[in-house]
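Think of it as A, B, C and D in the order they're written, each chain with its own count starting at 1.
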């Protein structure tokens, strides 16, 4: 059944309508910042495995050249955003709430911006596997913020086909306008990308959902669709946060609720961000990998604006273009509802960076002190996932994670509606994030423990088996000996026993000798660190000799130990 | 018929074995930490108590009273109940090992559970007939289970409460039980209509 | 008096017979509880609990021979889970069995290692590779941090290195709660 | 919380108008006790005092206690009840937001169980009492029988189940029209405050509606069957603390249910138990016990009335074929 999405819309429960502040950054067109001289490109930019670096320090790379190779299927490649020289592959701070570092490729731009040879990808002739590999190697990921590798979503419906392809242009979070501006300015390319995706996915209907507070984007998309002669529906959805969440948008347009842990394709729906559609167009039709994205810079700046930023550009360089106000005291990646506060602006723009939001005491006044939860239920009314945030909070606060999971903690999409409405100013989402990461850590620990148990049990099993084998071997040998020399059995046994204890002693002596040598070596090795090459060599020689001595000693025939 | 109904209702609510008669507190405090264990304990007690009431009635009416051995009542009841509990434990261990683990040390506690002895003795005092005895036993056990289940659900939530350090655990559970007892006093006087 | 004795002994015989029959009829073998306890234990196999491995400790707990607070690697969290499973009261970690430490892995100083294989024999989870007279190394992913390889090493070349936080292992912190200092509930 | 206090004022004004200024003294006593007890506990627990005292939650508890107690009762009645409410029912559980029982109702239930006689001595309406007289009654001697009387519910109970079985509701009301009018006005005051709270979205419609509807239905049906033994809906609503309960007591979010279905079940349960205790139980009014009993059941009800989580609702399944 093909739905007629433009006729009937559905609603999701909950949601809030915060101040949007979107007009700040939509007054001027998307800007292009001056070419950066140094780019820091983190290898880990998408959900899944961290790509392996495939360039080396000192190597010259071209714009669009792959520098990180996808690690496994759930991963996406990383590319050089401009041409230049790799000056380092090292740990650099990431735009991550932890402020921790991860492996990055540092590129010194040469200013030429030489591209690799690009050619369109003939997806019509390609197999599903080839399309998947191509997109993975083009580094296309969801640009709405979740950075889920797109090839996994595009492949999912390849054979069977899906009912509805939804293109997410809702962009519900305050301040962020990158999708809005993209739709206004590049509607034609987006529509071409959507057409490509539709063919790959074999979708019966296509619906582009845009919130009704973006009339210009809606008009631009409608024009582009009618010009392209495609039968896409441009659906205006009511403005209500978080209508731009994939699950919420699917619900609004099709009425289907995709539960946690299920993929929307199981319900015949697939949802992509408009920027992802453009990236797919560029990858397939132009052969260009994903090396830039639109970033909104807003908040505490005098000239809020959107920029097309090369991945790896440092945030402070972009922010400087917008004249940040003097009282700026924090930088947030993403919007005020779901964004994460960063430790500094000295981090690169990554594929997930849809917005750089500067904050000050004036724009985001410090939250009034947290008051006790009185279970008023406002959060439950606002929750778009129909959860009971107050119960989740109660158990997350007390670190009763099992109970929190019973109350469906992992169905929480961290949209921040509950924190927004809470009259007691409780940072509810922080508690859920805390509880979730604790639970994940525990699950990881549990998996490790299970592995350790397996290995331990196998070791025990092996020890036992060896014990049995040894006993059997000895028994066999003893029997053989008894048969061969029946008359002097007693003598032999005595000799054997004597030999055994001798062997034991020998082993102990060996270890003692090695110990002695090692002590001496320890003394010799120590100065090595101070740079005495000769001493190092001496030590090496001594080691080799001692090993030889050991081998010689070991080469002597040893009697089997007896039990 | 309504008489029977009021026997059960009275035993469940008005004279709730835990909150009003204050019997069977050890398992009540011990097994009410989790809802599922509470359910198991409630089920086990319901079974044992109903059986105990039936069998003790039989023993009292047809063994002790005809022979003028009322003075052996307590003794023989204890023996009978102990045996029934043992039987229950063996059966549960076989049939549902999980329930057995969960009830663990509490199943033997039923043996010395004052509720299980007290209710049959009350039966005698109240001069109930066989059916009434069974119903009274059943009702008391249902009241016990109800108390246990409600209390367990409360305790599961209380576990997250920011209780002052010295009152954590059993202390606050006792306070809570006391307050529930206070609430159940509201039913006082209801049973005069039977 | 005679009747009383008769009645009581009759009761004893009947009930005793019933119990005896049930004990045979409903006999249970094996103890699934041990498995459940073992699943909670951290499987470091470190022996700090004074039992030779996690499984023996689990068995001892199930039999009621051991306390639930003897496992330092499991920490408070582990004790809490055991207390939940067994319906016992939570107890703080017993000091005589050790203290809770941050997770660490053993690292062999490859310069000093003499290749004696003693640590390989000591490792309960086969996380050390190497052969006689060859340098040994520890597979960090498989190391449980039990420290059992430390004492046998004749040259003390094994050290425990605390695992540092990475982006992958980073956890959201407990939110600041100005009204009440963060408290763990019992 | 402060708006809850504001919403109580019309009811208090009517109360003071009809029954004299005694209630104001009681309110003051309860408030003072509650604030001191709250501050003491916060101090003992090393928590910020002013912020928590200032949230007004202790005052709400205190006012509810003062309003449900006889306005000319001895001073220690209200003080002890408030102490029990704040110290035991609230702070032993960790303070605001953590108490499983409605603190005010714990205080009330405690006192009615301990001092049933004291708790049923209400002043006669229209007995023009100035503040001095009221003070003398509250702080002074116990020779107050001349001006006090039982609540209408109490009298009626005695009448219905006691000697004067022929006294019907109508005759009772006719005999004391002043009292009837007084209670009607007070109930109207609470109703007005409650409606304002609803309009302010401080409380949701679920609880008051379920409570009142259940009470009216029970009273309507039972009085239709046997008018001589049961009260009509109007009497049921204006007597006791029914209106106060509907908007201010049952709606306590901390100790009640939080799910929409749970709220309906909770309030229905309170109304049902209240009605049962009023008519069959040993106490004149059962609201406190009913609230406490449903508090006991609230966690269980909440657990089993969780709304379906997004995507797990029954009316849809995997659509793919």
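Note that a contact is a pair of C-beta atoms (placed from the backbone, for glycine too) under 8 Å apart; a residue touches a chain by one contact, two chains touch by 3 or more.
Source: prediction; values computed, not measured.
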| item | value |
| --- | --- |
| Path length in the contact graph (subunit B to subunit C, fewest steps) | 1 |
| A-B compared against A-D, more contacting pairs | A-D |
| Mean-CA-position distance for subunit D and subunit A (Å) | 55 |
| Between subunit C and subunit D, centroid-to-centroid distance (C-alpha), Å | 53 |
| Chain centre separation (subunit B, subunit D; CA means) in Å | 33 |
| Touching two or more other chains - residue numbers and ranges from subunit B | 156-157, 159-163 |
| Interface hub residues of subunit D, defined as touching at least two other chains | 51-52, 94-95, 98 |
| Shared-contact residues (touching 2 or more other chains) in subunit C | 178-180, 185 |
| Sites on subunit D touched by subunit B in the complex | 45, 88-89, 91-95, 98, 100-101, 106, 109-110, 113, 273, 276-277, 280-283, 286, 288-290, 292-293, 295-297, 299-300, 303 |
| In the complex with subunit D, residue positions of subunit A that touch it | 12-13, 160, 163, 247, 251, 255-260, 262, 265-268, 369, 371-377, 380, 384-388, 390-391, 407-408, 411 |
| Touch list for subunit A against partner subunit B, complex | 394-395, 397-398, 400, 403 |
| Residue ranges of subunit B in contact with subunit C within the complex | 30-31, 33-34, 37, 59, 63-64, 67-69, 72, 75-76, 79-80, 83, 86-87, 90-91, 93-95, 97-98, 101-102, 104-106, 159-163, 168-169 |
| Residue ranges of subunit D touching subunit A (in the complex, touch as defined) | 51-52, 55, 57, 95-98, 204, 253-254, 258-259, 302, 306-313, 316, 318-320 |
